[in-house]
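Report on the following structure.
A, B, C, D, E and F label the chains in the order they appear, each numbered from 1.
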Amino acid sequence: MSKDVFDKGFEIRKSVLGAEFVEKSFASADDFNRPLQELVTEYCWGAVWGRDTLDKKTRSMLNLAMLAALNRPHELKMHVKGALRNGVTKDEIREVLLQVVIYAGVPAGVDAFRLAREAMQEVQA
Amino acid sequence: MSKDVFDKGFEIRKSVLGAEFVEKSFASADDFNRPLQELVTEYCWGAVWGRDTLDKKTRSMLNLAMLAALNRPHELKMHVKGALRNGVTKDEIREVLLQVVIYAGVPAGVDAFRLAREAMQEVQA
Amino acid sequence: MSKDVFDKGFEIRKSVLGAEFVEKSFASADDFNRPLQELVTEYCWGAVWGRDTLDKKTRSMLNLAMLAALNRPHELKMHVKGALRNGVTKDEIREVLLQVVIYAGVPAGVDAFRLAREAMQEVQA
Amino acid sequence: MSKDVFDKGFEIRKSVLGAEFVEKSFASADDFNRPLQELVTEYCWGAVWGRDTLDKKTRSMLNLAMLAALNRPHELKMHVKGALRNGVTKDEIREVLLQVVIYAGVPAGVDAFRLAREAMQEVQA
Amino acid sequence: MSKDVFDKGFEIRKSVLGAEFVEKSFASADDFNRPLQELVTEYCWGAVWGRDTLDKKTRSMLNLAMLAALNRPHELKMHVKGALRNGVTKDEIREVLLQVVIYAGVPAGVDAFRLAREAMQEVQA
Amino acid sequence: MSKDVFDKGFEIRKSVLGAEFVEKSFASADDFNRPLQELVTEYCWGAVWGRDTLDKKTRSMLNLAMLAALNRPHELKMHVKGALRNGVTKDEIREVLLQVVIYAGVPAGVDAFRLAREAMQEVQA
């Protein structure tokens, strides 16, 4: 493991998904899923989110589109909340998901709108 | 059909995918695929790409991510060329596809890099 | 928007998914998801379901097969109920889903059978 | 293996995909892929296609929709030819694929139209 | 149907998924889903799981990888429990799922780890 | 980057995919795809393939199943060749792919058998 990349990833992950959530994920990790937490923090959040050229707002929008297309409801809701933290507006989320309707199909789009709405209501509550 | 939305879509589609290609698609259309050409032009390019809030550059990046995740090589290559027309740089395409590696998996990412490179070489030739 | 296509789609959508459900979807729509409701009603239900050549019963069967393959549980349950409204029999639904087992794999088929059974029980209740 | 189910499947498979193609598949089979040929013939073509309730024309249309959604170009082309043998008209194939555009997304639909057209041209040639 | 293959499949299925669960599936089957139960037992569990060359432990690991990639939560949890019955250790399940992270993407991997943990907790309870 | 993990990954990758192929991939890399080569070598081949608990033969079989399910022909062919290098026999490859037929569907299985056969013929040639 590269400690620098991990540390960078840990900070970015906390800033996008919320410090409390990420710290709890590590605190509750056991031998079964600690390697997952470490791998994801270093490679996903450090080695890729930590790169320049694209800002976090753009990366968030890309993720909403991909997670809707890939049919991953848990991750989609988490990244809707992350997108709001990264400055993506509610109107921009709507536009990303309308594009999902076209390219990934109406059912993917309808599911994504319902999940995004749930996520936004959870943020407001 | 809404003629206004179709016409708007026709212009946007030509500006992104190239006028020659789009005009040829319509010129060579027959009873079998003309309804496809019309539906896609109006609905995809007029009713969604024609919306405000997201610029064409952002929409192009979303498409690259989705098409790589959805495993659609023909469309991906066409939209790499469209992304270049919409001002997405080669470096930005690389960053989008590195994010694909993480979220859609290494094989999706490796395929996307190979196809993007082919598309960029075709543009240069 | 084409008002004719939208109106046609609105009627077909109500006849397949139930008037109460569709009217409630529009009544509860806000700035976030109203564009989705409009897009889906016009293009999906007006411009495609509104076409001739295939009857609604056949379109329902195609949807069951695709939604099971695409792994979209919410939409699948809704369209099982729609299929019953469109005259697809319980035996025909079973046959469509057995074909899903073969072409999309056993897990897709097993999930679809469970969801279809739930939908049919909700209709009876 | 059930010889009755296999024999029934062998006949149905030949009637849909063409006797020459199926016989050649068995004649050229070796230890590596003979178990595949046997499994598919019995399980797919005998045990499922051999069932009543849905006619072969309907089964062909279901397959076109699923194969387009599942992104399987080789099988899709083969089943476009099979659909024509089973009495699905060119207009009906178009309608099935327009429904794919809506439910599986524009790239899935565009790919399917291109492949269907190729298959139909190969049949004419 | 081949009674021998069905009977073999019935025994293997019970040994992997638990006798109580499988017997209950058949006892509660009705005209709608009995053909599914029979088809799956004969072809999936008899004709394929019943083959030699790969042991049940290896087949279980293959299934965990495929079910995670195919995004089938219900089946994945059931097969995590089956994998434990077939002698796959908790450490080996972790390794299979880390490989899913790489090849099917981080969201597929994260979902699979969460579901596997739930399944293992249900086994312990 | 962790040089140790990268170096380990580089060795493993060469041993599975062939030294010549991997060295050529790096030699021909440019600014566009060098970050991909580095990420994949470190993250996929070092951080995951480099782990203990599962041997390379088992990892190869998992990959064949996942790549067939994920519909990635290029990667599947490369990993069929890698599987042979890792000691997976032709009979074992057949069994893995028969399991794909059941869980990912007949078209996924048929495509995988065709591609595996091509890969094995290329190895022999």
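Throughout what follows, a residue touches a chain if its C-beta (ideal position, glycine included) is under 8 Å from a C-beta of that chain, and two chains touch if they have at least 3 such contacts.
Predicted, not measured: the structure shown is a model, and the values here were computed from it.
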- Note on the structure: Those chains that touch chain F and also touch chain D are A, B, C, E
- Item | Intersection of the contact lists for chain B and chain E | A, C, D, F
- Query: Most remote chain relative to chain C, going by C-alpha centroids?
  - Reply: F
- Task: Determine whether chain C and chain F, two copies of the same sequence, contact each other through the same residue numbers or different ones, counting it as same when over half of the numbers at the interface appear on both sides.
- Result: same
- Message: As a quick test, compute the distance in whole Å between the mean CA positions of chain B and chain C.
- Response: 28
- Centroid spacing, where centroids are CA-atom means, of chain A and chain D in whole angstrom: 39
- Note on the structure: Contacts with two or more other chains occur in chain E at residues 35, 39, 43-44, 48, 51, 67, 70-71, 91, 94, 98, 101-108
- Name the shape of the chain contact graph, picking from line, ring, star, complete and other. complete
- Message: Applying the document's contact rule, which stretches of chain D touch chain E when the two form their complex?
- Response: 1-2, 5, 35, 39, 42-43, 47-48, 51
- Task: Going by the contact rule at the top, pick out the chain C residues touching chain E in the complex.
- Result: 71, 90-91, 93-94, 97-98, 101, 105-111, 113-114, 116-117, 120
- Query: Which residues, counting only chain C, touch chain A once they are in their complex?
  - Reply: 31-33, 35-36, 39-40, 44, 67, 70-72, 74-75
- Note on the structure: chain F partner, complex, touching residues on chain C are 102-108
- Message: Under the stated contact criterion, what part of chain C meets chain D in this complex?
- Response: 43-44, 48, 51, 53-54, 58-59, 61-63, 65-67, 69-70, 91-92, 94-96, 98-104
